[in-house]
Amino acid sequence: MKKIINDPETVVQDALRGMQAAHSDLLTVHHDPAVIVRADAPVAGKVALISGGGSGHEPLHGGFVGRGMLAAACPGPVFTSPTSDQVVDAIARTDGGAGALLIVKNYTGDVLNFEMAAELAETEVRSVVIDDDVAVKDSLYTAGRRGVGGTVLLEKIVGAAAERGDDLAACEALALRVIASVRSMGLALTACTVPHVGEPSFELADDEMEIGIGIHGEPGRQKVPVSTASEMVAALLEPILSDLPFSSGDRVLLFTNGMGGTPLIELYLAHGIAEQLLADRGITVERRLVGPYITSLEMQGMSITLLRLDDEMVELWDAPVHTPALRWGV
Amino acid sequence: MIQDHRDELVRLDQAIGDADHGENMKRGFTAVVARLDAEPPDTPGKVLKLVATTLISTVGGAAGPLYGTAFLRAASAVGDASELDCDTVARALQAALDGVIARGKAAVGDKTMVDALTPAVAAASCAEGTVAAALAAAADAAAEGANSTVPMVARKGRASYLGERSAGHMDPGSRSTALLLRSFADTAAKS
Amino acid sequence: MKKIINDPETVVQDALRGMQAAHSDLLTVHHDPAVIVRADAPVAGKVALISGGGSGHEPLHGGFVGRGMLAAACPGPVFTSPTSDQVVDAIARTDGGAGALLIVKNYTGDVLNFEMAAELAETEVRSVVIDDDVAVKDSLYTAGRRGVGGTVLLEKIVGAAAERGDDLAACEALALRVIASVRSMGLALTACTVPHVGEPSFELADDEMEIGIGIHGEPGRQKVPVSTASEMVAALLEPILSDLPFSSGDRVLLFTNGMGGTPLIELYLAHGIAEQLLADRGITVERRLVGPYITSLEMQGMSITLLRLDDEMVELWDAPVHTPALRWGV
Amino acid sequence: MIQDHRDELVRLDQAIGDADHGENMKRGFTAVVARLDAEPPDTPGKVLKLVATTLISTVGGAAGPLYGTAFLRAASAVGDASELDCDTVARALQAALDGVIARGKAAVGDKTMVDALTPAVAAASCAEGTVAAALAAAADAAAEGANSTVPMVARKGRASYLGERSAGHMDPGSRSTALLLRSFADTAAKS
């Protein structure tokens, strides 16, 4: 295992220290319990948007703390959900009197810990669960779809609504609308190695890739031979398109995401192919995001997320945001 | 005890999950031991409560709230009794199982810790009368329950994403439940 | 070789198509010869800042085209300098009547091609050569130091000067001041694979890292056993500090850069260590940049760049910039 | 010809450079062949000029401007002669070498293409009188010159970053120079 770390036991804490040093104008890092809070929190009269999850997906979630996005993020250990203590602390530190909306990615651990926190919190709290990964069957026989790339778009759009002063019920309703309109799928060319495990999370031969991977080093739907970029993009887009389904005339935001170890040149290449495929289907790409925004440590691979837009979502997407990882209009 | 089995639990979770169960449990129980050493509570109920809050605040993942709820419910069942008799222990185990099911909504056969805890509760009979005997029976049953998860296809938790591919591996949470019960039984036998 | 590409022969062209699709508001991509030009070029009365180099270092340089930074970038094939034709074309397309300043990273190929272009161009052209890599001895017996991470800072600061209307001589003088004040060094945990080569550029055992690497998969000064993050950061910072030298009381910009395959969590961790080491030396970190901004394909590793700041550089660093990879104040 | 040796040149450049010399040269000469086929120029000088501009606009890297300048200078030396005699060829080779040195500032012993081209120019004697013989001698000398770069420590170009570590490998540019001269010699022998 080759990593730029001192000790697997302290990797999250050490990285948080670096984040604090790099972005002290935007956020304040509290340790024990670990919470990353907007520098100007609590913001009076505004809904506090709070998320969190295992570490190792940076910039998600800490990199999205700041004006127009998250009020706080709760970083768990690598690939392990945070504890309810962290979430309770985040709620308390960001309480501006308008309640808190928790954005929970659909994993059993995250759901249970955020649920306990919501029960314990002293503020009015609502939770939404995002489950946009079409690689997982949503049936009685699974824990349901995972929350993946759509989370980034959800946090941006609902963050803008909270920033403009929408109340808790409005933020929740908007969040549910975004969740209903967003779908994602990912693939991996290489596995990643969790620091405290020390070996790759799954095996992939030199000529294999894994389609339908999650963001925690979980293997996916199937191992297949490595193909061309065009085939890869089609393998991700088709299940997304047929799921919602998206159809000709739809306006979408296309998010081409890197898994952490993917060079940007490859991401742009894949993005170009996706734009072409969507144009061929009569789907209009109105907004786009390209880059590594929700990652799995050093995993090489990509995911595609498609969000069906309406006018309000476009307006909120374009609204100013000032966080370590997303910034515009400020 | 859990600490000694960290790597085994990590490996089990690596096969069908995300390879953190051993690390999560180790982190939690290391904190538990430290807090119990620092300020030993004076009743079994308080011990259970301290274990519960410590696990809730340190384990994270699915296992944290589930074990936390289990110990919290067990603490309530035990109340402020100063000594544990066999019936109290049996009631506490039942309460723990109810808590896990209430929080996680899993049933027997879903390939979770419920598959270890359910037979353990059933086996913890007080016919012989001693706490040690009841816990030993529970631990044996939990171990078998854990073994029974091997062929199962997971329907709850992270392993469920794998569908059929989850069969052929033991569920890590059922294994840690069996280990915990074994450690309770061993402690009871020694005292 | 596992890559998200269709064909090693067309990888740059295909990626440029994706870049165009993703950022049509900011830039226009011309093919044959390949040039990435600011969407609003030529900007009348402003110096056109132009750079370029081999591809595979994204976001450098194309990701820095836009308001307040580059007027154009010339992407060569992967790790191969662009041709003089591309540079001549970039100069012609961005000619706003105030001349062009070429930013050339010090590699023989880049220097020769930009030099030929400057000879052929019809506009007034000046060139500056950046050579900030302290891993290479600057002696009569080498091609001189390589241009690495300092290039990003140089393009931002001089781009801001060009944007505010500084003339060609002033931009050139400022560029030389930045070049004189900036130093960098990098290390690799893994090698990268050039698409048309198909195998890693150098060999590294499972427990080795390479200190002093360049950005083209060139091996570095020495292979050493993988160490802790603290030792890695010290191994990069010490040669940088003693070279300029930087000393107590200096105000600096600290740039912690990922080589393309490094997870952000590790970069933040390393950044935190670097901040601490500099604080211990009495050096004040006034500005910082953390992320993968000058990369080597999927290489895992990092580089550190330190720029000694003066008031004007701080002001120009803070000035608005609107490019695909760096954006603030807009 | 160069195309056939792409992989060899890539491998040489991989050892002490950035593994692109073969790809760069292949890209350039593929374009050269295409352009010569499309519009065959009517004099040797125009051929050389077309080669020069094509290399300059397609090769990139260090080799593009160096070979481009070499062919440009050779074209000037040849002028508008309709046939090449031995003396013109010798002058053209000398002009090419001068151009490479003017642009790249390398001297013999720096481990560059200059180490192949310099002995080639010296060997291209017109004593025997035929172009074919002169070019054959030049090609032989260039091959030896390329071999002579193996033990050298590079002082120019990307290989110089390696210092002492550059010794023990042939310089890719000297090898491509030798290959080019061999191909000229073969062509001259056939015509």
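Here the chain labels run A, B, C and D in written order, and each chain numbers its own residues starting at 1.
Note that a residue touches a chain if its C-beta (ideal position, glycine included) is under 8 Å from a C-beta of that chain, and two chains touch if they have at least 3 such contacts.
Values in this document were obtained by computation on a predicted structure and should not be read as measured data.
Between chain B and chain D, the centres computed from C-alpha atoms are 75 Å apart. Chain centres here are Cα means. That of chain A falls 54 Å from that of chain D. Centre-to-centre, using mean CA coordinates, chain A is 29 Å away from chain C.
Looking at chain A, residues 78 sit in touch with two or more other chains.
If the chains shown are joined wherever they touch, the resulting network is a simple chain of contacts running from one end to the other without closing.
A complete list of chain pairs in contact reads A-B, A-C, C-D. Contact residues of chain B toward chain A in the complex are 10, 14, 17-20, 23-24, 27, 56-66, 68, 103-104, 153, 155-158, 160-163, 165. Within the complex, the chain A residues that touch chain B are 33, 54, 76-85, 107-109, 112-113, 115-116, 136-137, 140-143, 146, 194, 196-197, 201, 214, 216-219.
By the touch criterion stated above, chain A contacts chain C in their complex at residues 2-7, 11-12, 14-22, 55-56, 58-59, 63, 78, 189-190, 206, 209, 226, 228-230, 232, 256, 260-273, 275, 285, 288, 290, 292, 295, 297-298, 300, 302, 327-330.
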